[in-house]
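Presented sequentially are two complexes of chain A, the first with chain B as partner and the second with chain C.
Then we have the complex of A and B:
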């Protein structure tokens, strides 16, 4: 009972402080998301009708499969890349700084390292959900101002002409939000674990590199692919890129990351070495 | 100042992070060589029209993953060995010692100079290594304008030079990369003006680089994106004006930050 209460306190502490320490980053987050929304509305405006899915498309769509040839030029999808990378910049440094620069107070008071790490994982989830939530709210406000709809009236996404007939709200929601969110959470957790054992800057670099590789190669194990709507099965037609496989892979990776993180963190020498 | 400069140079160049940054660039180059250049040897032996090293090396093409990764992560690599040194100096009081012995101006300018040098070296060495490695397999044939084998247009920056003296073009372009990334890397030192967080110091050059990249690509003004125009293949064509303005702007910001420190009553602590 006492332990669960102290765990709850720790979670609340981490959530509160991860937001408080990142106040300036959150200010830039909202600015960037506002910018992305403006760009998104500018693109949608060409098609006359405003709807939520079409507005989400420019940011969440990513890029279609890259075909390597000597005449091609590899280019990252700008809006998707900016949206994805900034969240890793937002969450990547709190855990390590909390361990090394907070004199380890929270860790000492927690009694167990497992709880400390679990609390950090939960704070990452809360931060990423807030990041997505913030974007959806900003977009929804814009949509409401334009008196737009949620689902396009003709069942086609305005920008890309992708049909969404015979899809339930849950399927649409999973493809557009749940799966990209899950991918972000998984990569965020991996980044946090890496940042505790490597340098946080190197772990950030690794995640950025991973996202670039995901755009270059279309493969289910490069889970960054699942956060791009163009790569998902219902658009690309590749069965291995289905939403279900994406969700399963993300959960497997999440569990593996958590287990590996706990095992390694138990053995970690937490005294800072400079 | 000379003694302090020597000390800082040793500190910047003889550390694990410098080895890591250079190794990363060199490994990308070797990966690129094994993936794209080495398989071409049979093609050359068969006597087909020889492909030029100028169109195939890491900086000379825009289609490979290695090239994109290198130019995307370059600002972080450049800042890795020395970017957080000022923050560390402040936290560990080395900065205070150095200022007492050598003066604030010498301290700040040395930091800026060494940051510039580390950035330039990390940007230039892997590119030179890759060019030499590629040239060891492919012939350095002067590219022809009409064949369409090269991504560089004659209207591009130094485009005419590329089709007449490609080696000079490559060397000048690598020099431009070194200059740009060296100046950009001084931001990691100038970051001390905003933050005492060492990670922010390390990442500030990357943040600025990405900010310009994101702004340019989302408003379709690709010519301002250094991630594209710094590549010798000129994925995004730019103009001398834009290049010079960006470099001058970065230099001004860094020098203003340095000036602010020098004039500050409390120095850096």
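Then we have the complex of A and C:
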């Protein structure tokens, strides 16, 4: 009872502290998300479709499969890439800096190292959910101003012309939001664990590199692919890229990351940075 | 509180930083650590705080084994090396943030701790603007604010002026009176002699008894 109350205090501390520490980054987050929304509105208005899913598409769609050939040029999908990368920039530095805050002052106030790491994992989830939530709200405000609809009337997503009339609301939202969010949480947790044993900048660069490779090579184990709508089964037609497989892979990776993180963090010596 | 350190050895990248350390520490006493820079004083303090793992040996506190029964001593206050604070928070906000993890103390306790070290809890300056001495004082306030039973102080007099020096000495002695077990490392040998009940000499990771006050009496 005492331990669970103490764990709750720790989670609240991490959420409060991580938001406050990142408040300048959050200002830029909202600015970037606003810019992404405006770009998205401009694109869809060209096609005259003002529904929410069509407006979401330019940011969440990513790129279709890259096929290497003599005359093909590799190009990163700018909006998707910016949206994805900025969230890792937002969450990737907090845990390491909090660990060294006052030479472990916060750490010694927790009961166990497991509790400390679990709390950091929860704060990553809260931050990423807030990141997506913030973007969806900004987009919704714009959509309301346009007096648009949530689902396109003709069942086709405006820009891409992808049919969604055969999909349930749950299927649509799990493809558009839940799976990309789960991918972000999984990669965010991996980044946090890496940042505790490597340098936070190196771990951030590792995740950025992973996302670039995901764009380059379509494979389910490169889970960044699942956050691109173009790569998901219902658009690409590849059965190994189904939403269900993506969700299972993310959960397996999350459990593996947490277990590995706990085992390694238990053995870690907290020494001055120099 | 009784701390028993048995045969504690720590190797980092092949170098032995603590070498078969054996110590027995009890509440209500001040234990001084004397030694050159890099002799292992701070590493021994980190070991007691649970910030490093032993290569060999163990630490028990009141019979409970570290890394088996607990990770960190529950009633610990520490100041190790340079105190680091969030630069864009005031001193009070920094301590309030840290105290929210254990939630054992109230706002008045935090304010009292800040006043005890000679700072003003209503000071609106951010800690980034604090002088070295002010940060040191705040570091001590942070260590004592939750009324710890174990106080680890590494060079607590660093950067303090004469008034601050006297104030800190009094605080350390007051904490001792309360029955707190205090481990203190200090460069000033005279001050260490003055404050400590027992002094241990740390040399190349090895520890030996240097001076015991009761032996004098």
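Everything below uses one rule, namely that the second predicted complex is superposed on the first by the 272 of 274 C-alpha atoms of A that agree within 3 Å, B and C clash if a C-alpha of one lies under 4 Å from a C-alpha of the other, contacts with A are read in each partner's own complex, and residues count from 1 in each chain.
Heads up, the rule we're going with is that contacts are C-beta pairs under 8 Å (C-beta built on N, C-alpha and C of every residue); 3 or more make two chains touch, one makes a residue touch a chain.
As the structure is a prediction and not an experimental result, all values here were calculated from the model.
A.B. asks: Give one word, clash or fit, describing how chain B and chain C relate on chain A after superposing.
C.D. replies: Fit: chain B and chain C sit side by side once superposed on chain A.
A.B. asks: So, does A:169 touch the first partner chain B, the second partner chain C, both, or neither?
C.D. replies: neither
A.B. asks: Tell me the contact category for A:216 with respect to chain B and chain C: first, second, both or neither.
C.D. replies: first
A.B. asks: Looking at A:10 after the superposition, I want to know if it touches chain B, chain C, both of them or none. Which is it: first, second, both, neither?
C.D. replies: After superposing on A, A:10 lies in contact with chain C but is clear of chain B.
A.B. asks: Under the stated touch criterion, which partner chain does A:147 make contact with: chain B (first), chain C (second), both, or neither?
C.D. replies: Neither partner.
A.B. asks: Anyone got the angle at chain A's C-alpha centre between chain B and chain C, nearest 10 degrees?
C.D. replies: Nearest-10 rounding gives 80 degrees.
A.B. asks: Under the stated touch criterion, which partner chain does A:269 make contact with: chain B (first), chain C (second), both, or neither?
C.D. replies: The second partner, chain C, only.
A.B. asks: Does the superposition put A:72 against chain B (first), chain C (second), both, or neither?
C.D. replies: first
A.B. asks: Look at the superposition and give the distance in whole angstrom between the closest pair of CA atoms, one from chain B and one from chain C.
C.D. replies: Chain B and chain C, overlaid via chain A, are at closest 9 Å apart by C-alpha.
A.B. asks: Residues on chain A in contact with chain B in one complex and with chain C in the other?
C.D. replies: In chain A, no position sits in both the chain B and chain C interfaces.
A.B. asks: What residues on chain C touch chain A, complex-wise?
C.D. replies: Against chain A, the touching part of chain C is residues 12, 46, 49-53, 70-73, 76, 78, 80-86, 97-98, 100-103, 139, 142.
A.B. asks: Under the definition above, what is the set of chain B residues touching chain A in their complex?
C.D. replies: Those in contact with chain A are residues 20, 61-65, 67-69, 72-73, 76-77, 80, 92, 151, 197, 199, 202-203, 207, 210, 213-214, 217-219, 235.
A.B. asks: Chain B touches which residues of chain A in the complex?
C.D. replies: 32, 35-36, 39, 68-76, 78-79, 81-82, 85, 89, 93, 97, 200-202, 204-205, 208-209, 212-213, 216-217, 274
A.B. asks: Show which residues of chain A lie in contact with chain C when the two form their complex.
C.D. replies: 6, 9-10, 12-13, 16-17, 21, 100-113, 267, 269-272
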